[in-house]
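Next come the structures, one after another.
You will see chain A twice below: alongside chain B first, and alongside chain C after that.
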Partner chain A sequence: MNRIKTILTDPLVLAALSILVLLAMGEVLSPGFARGDQIIRLLVVSAILGMVAAGQSLVVIGGREGIDLSVGALISLGAVLAGNAMSGNDGGILPAILVAGGVTFVIGLINGLGVTLLRIPPLVMTLGMTGVVQGGLIVLSRGIPSGNAAPSLMGFVNRPLLLGLPGVLFLWALLGLGMWFLLRRTQLGYAIYAMGSNERAAVLTGLPVRLIRTLLYGLSGLLAGVTGVVVIGYTGNSFVSVGDQYVLPSVIAVVIGGISLAGGSGNYFGVMLGAIALTLLQSVLTTLQLEFWGRQLIFGAVLLLLMLLYGRTKQLRV
Partner chain B sequence: MPPVLEATGIAKHFGAVVALSNGSLSVGKGEVHALLGANGSGKSTLCKIIAGTVARDTGSLRLDGSEVSLRTPREAEARGIALFYQELSLVPQLSVADNIFLGHERTGAGGFLDARQLRADTDRLIARFASVAGTGFTADAPVSGLAPDQRQIVEILKVLARKPRLIIFDEATAALDRRQVELFFAILRELKAEGVSTIFISHRMDEIFEIADRITVMRNGATVASFASSETDRDAVVRSMVGDVGIRDRVERAVPPSSGAPRLKLKGASSRRVRDVSLTLRPGEILGLGGLQGQGQSALLQGLFGALPFASGTLEIDGRPVSIRKPADAVRTGLAYVSGDRGRDAALHGRSIFENIGSATMVREKLALVWPRHLRPRFEAAAAALNTKYAGMEAPIGSLSGGNQQKIFIARWLATDAPVLLLDDPTKGIDLAAKADFFALVRNLADKGTSIIFYASEDAELLSLCDRILVFNSGAVSAELAGASLDSFHLTNAAYGEVA
Partner chain C sequence: MSAVAGFLRSRLWLVTLSALMALFVVNWILQPNLVTPNVLKSNLSVFLPVILVAIGQTYVVLGGDIDLSVGSIVALVNVVTVSVIAALGGGAGGVLGGIAAGLVVGIACGLLNGALVALLRFQAIVTTFATGIIFGGLALMVLPTAGLPVPAEYWRTYGSSPLGLPVVLWVLIAALVIVAVIAGRPFIKHLAAAGGQRAAAFQTGLKLAQIRILAYALCGLFAAFASLCLTGETASGDPLMGRTLALASISAVVLGGTALAGGSGSAFGSVLGALVLGMIGNVIFFAGLPFDYQTLIQGLITLLALAGGVLVARRN
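So, the complex of A and B:
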């Protein structure tokens, strides 16, 4: 009995179960919801959410109330910069990735320096940065970004590449492996868990905690910027607030994935499942023809519900 | 006339630990009464019971001859007993007057603050101590603008504003320099003249003989002796603190420490809590840090490790000057630090035993990549060296008992082969079996050439393990014990300050 309970409260099992339930619900509400090509479309959307959530995961695991609310603005920035660099030409893809990734990485590092050196709470620092980036974007593009995606990029995101699956899904799988390698096979990964679990103890074993935390915000910015490139590949062109819709979901996916907002626990595979579950939920809600505010309300409620649920199990574990 | 306070047969236990078995104390009117004892002798617990912050299990407390309960601080305060806190509890933004009456504000009609009354009361208090208060000391002055010793006076006025009959000063002079101590004593004499009684806890024997009328000594949770200070001397007091004088409970080392070149040489180290400490440590030597708690022993170890860097001083390791500004420097230099406060300083909560052991190894060896399969045998060997009981390297650290957890945090450093081990009261709160394993390990490591600095709050641990002991008092080394002087008499004597 106890074992069943432990298994059922395991975040991974919970996420996998909710994926199955949501698929069934979608199929009942709208036959054809769970068809192969539909599922692939859902996975592509999940991949986009999953990429931002990867950066969010790192920042949250690193602890000290780590959270990056600037990812939405940085996705928009990445998409706009990439659009300008490509202007519809395949030759612009590499420069687009370099520019979008480079700029967002640096902005992420600035977030990190604000958090570590100036001791600004992450919530405030990244929220403030959101305002700065959004304002800058409007000035930069005069409100209407001019660039658009290269055809090959759009093909990579939307059209089958191998085994009927678009290239972006392979990219996401690669990111999953990369995250596992980073967290479980490098000193940096172990250090991230250590400082998220007990910062003082981490410092007392000689870990450069501030440096690592700065780097984590940089990586989160970089991943958001690259996500922006994928987003413009998905939609073809961009607008200055294209990334906003990913902020709350990126945090919820992390929590569904079993990463405690207190830091020091969880892994990225759970977050991948969380991104899929959340995308499914969004899709089911769209099928129900719920307005934007309705979806927002349910997302918020899901986050709070999960906090309640996992908050309890965490207390039991300690 | 009955004594102001008469405590007899007071006992208190916390769980299975007996903090106090038979505490007795009798304080007369206008008397300055010093309370002495080694760490863990029960003097703090007895004071807390008298001040009502801890409730006693058994025993009787009489004030002016009649039995009282004193189960809460409020009750004790209402009876005229005040406890003076060593830690400053002032609010810097508020004025002297506001601080003094914080929580006891004067109210007038309708429950509003009566600022005029408050001012008048404060002025009266200040006037009483005008000779010691110094300039710039007025009721309206913000506390943030006062010198540290003036703040101390505000702290005392705060206690006096409650018009107590008995004040307990627990280590009130610990943070004061000589001139401030004189000031403090002037206030004590003033109080004495007014018939206020004081219980005075200090770690400086010279101060005790200067100011106290009576001296009561505690040992192992019981009151063992009480003297009129004019009829006794330092030697007799220390003897009663120690008990069976001169018993050597040392276990001789199988391999004596090397007499070669020193491994570590510290010169003139100072920080906020350490004053001008110099020491040398040889390969294979176990150097103890003794004295009463909080005299700078921990601060010295944390200074060496870079967690609380020294403001001045030089450090040499194996003859080469090194600079340690942060723990990372120390780890790479080959220093290891084990704290007694596991939960705060060592435990990676919720993480596996593998991770809890591995963090230091990864830093020391600058491992970019981590292959658990290669590291696991080393970590298992380190844990086995301490007889650690655990289910497996992937079990969470929280699944272990306190003693086994501490073994894991020691194994963390064993796995790094650090040649210098800094132990900061490492056996705090662990069971006897784990302690025995730990002692065996420390001796074994030293025999193999590891240099160890060991601070313990229990004198018996120091005496049984160390080749040499530096005794600390107020952040400085008051004595060095070695050879024949390694016994509890010399240790206790030195803990109470240098012999005049």
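So, the complex of A and C:
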């Protein structure tokens, strides 16, 4: 009995089960919901969320109340920079990725330095950075939508590349493998878990904890920037607040995926399933044709239910 | 030297106060008519909601938690208040009924947050984000679109000046008195213990759940105060009101010298922090910067101020 309970409350199993239940619900509510091409569309949206959530996962696993709330602004920045670098030309795709990824990587590193050197709480540092980046975006674009995606980039995100699947899904799968390799097959990966679960012990074993944590925030920024490039490929053009909608879902996908906000545990495969489950939930709620407030109530209630299942902190004991 | 450091350690708000005075002088130079009753009053009206929400947020943060739902509580209290006033048919009785309903809703929201976080042991950040979505959804359910004006008695009273002082100032004074009363109670020490050394506080037999729930309830109550003031300002219902208040209140709390990790800080500091935030906005507005750059400069100064606040807190 206990064993069944352990299996059923395993985040991976739970996320997979909710995906199946949501698909079934969607199909019942609106026949055709679970059709192949619809599922591919949902997976593309999940991939975008999943890519930001990869950076978020790294920062959260690294511990010390790690969280990156600047990812939304960095996605917007990545999208605007990429859009202007490409301005609709295929030749501009590589420069676009380099510019978007490079700039957001540096901003992420600044977040990391603020957190490690100045010891500013991550929540405050990344929120403060959000304000700065948003201000920078207004200067950069003067509030007007600017730049367009190159045709090949839009094809990569929206049209089938291989086996009927768009290229961006292969990119996401590669990212999943990369995250697995980084976290489970490299010394750096084990160091990230070590400092996340017991920072003091990690410092005492001689790990360069500050350097690693700075790098994690840099990677989160980089992944957000690259996500921005994908977002402009998905939508075709960009505006200064295009990334805002991803901030809290990225944190929630991490939590649904079984990564404790306390740090030091979890893996990215759970987060991938979490991103899919979250996207499906939003899609099912849209299909229900509820009023906006009805969707909000259900969304909030589902989050609380998830917290009940595995977002609880340890009980204090005497 | 260490005596000075020791003196400052327990009075971090002095640093914030100096920053506030410096900003005030700069603002005065840029805006010569700043120190006239009308301009001061309108400034206070703008800052008051953030001040009130920041006071409530301080108690939650002091206890080692956080409340991201305050903005939605403000919206929910606003729509409930205007709807109840309308349902009671306006008039003095209706206004009082609406205000009472708003205060009850604020406290109830706080109690729910506190129960989820302290009794069910949910993580505070995600939980209050989720309840924020729910409160926001409820606000839209009560009043789907902005509108539904409050009776003239409400906003006329809010804009009036009984005994020679504007109502906004009376509200601030009343809030400060409440803060002073709370600061003198054992509750505040218990709360700081709950935030600073939770395991130790538990082992000394403090009723942690009760203390943390009370902190969330206070936060809900102050959010309700803020909402009633905003309602006096806008004179109507708006289900999307208060969106920026959660982040602004957290910034104000940090600027006021309260540690986000919990355990130390004061609500007076948060009041100063909220004023500093407001004055930064004023100075940027009156400095005549190109409009495009104002958000960027405001973001940079706020980030620097936050970093500075954290640094000063640590050095001491």
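For the reader, a short list of remarks on this structure follows.
As a convention for this text, the second predicted complex is superposed on the first by the 292 of 318 C-alpha atoms of A that agree within 3 Å, B and C clash if a C-alpha of one lies under 4 Å from a C-alpha of the other, contacts with A are read in each partner's own complex, and residues count from 1 in each chain.
The rule is simple: a residue touches a chain if its C-beta (ideal position, glycine included) is under 8 Å from a C-beta of that chain, and two chains touch if they have at least 3 such contacts.
Computed from a prediction, not measured in an experiment: that's the story for all the values here.
In the superposed model, A:185 makes contact with chain B only, not with chain C. Once the two complexes are laid over each other on the shared chain, residue contacts for A:114 go to chain C alone; chain B is not touched. Contacts of A:286 after superposition: neither chain B nor chain C is touched. Contacts of A:300 after superposition: chain C is touched, whereas chain B is not reached. Contacts of A:123 after superposition on the shared chain: chain C is touched, whereas chain B is not.
More chain A residues lie in contact with C than with the other chain of the pair chain B and chain C. Overlap of the chain B and chain C interfaces on chain A comprises residues 318. Partner chain C is touched in their complex by these residues of chain A: 65, 67, 114, 118-121, 123-125, 127-136, 138-139, 142-143, 248, 251-252, 255, 261, 291-297, 299-301, 303-304, 307-308, 311-316, 318.
Remark: chain B residues 305, 307, 326-328, 330-332, 337, 339, 344-351, 355, 358-360, 362-364, 366-371, 396, 398, 412 touch chain A in the complex. Against chain B, the residues of chain A that register as touching in their complex are 184-187, 189-191, 193-194, 197-198, 200-208, 264-265, 317-318. Chain contact summary for the complex, chain C toward chain A: residues 66, 116, 120-123, 125-127, 129-134, 136-141, 144, 198-199, 202-203, 208, 247, 250-251, 254, 260-261, 292-300, 302-303, 306-307, 310-311, 314.
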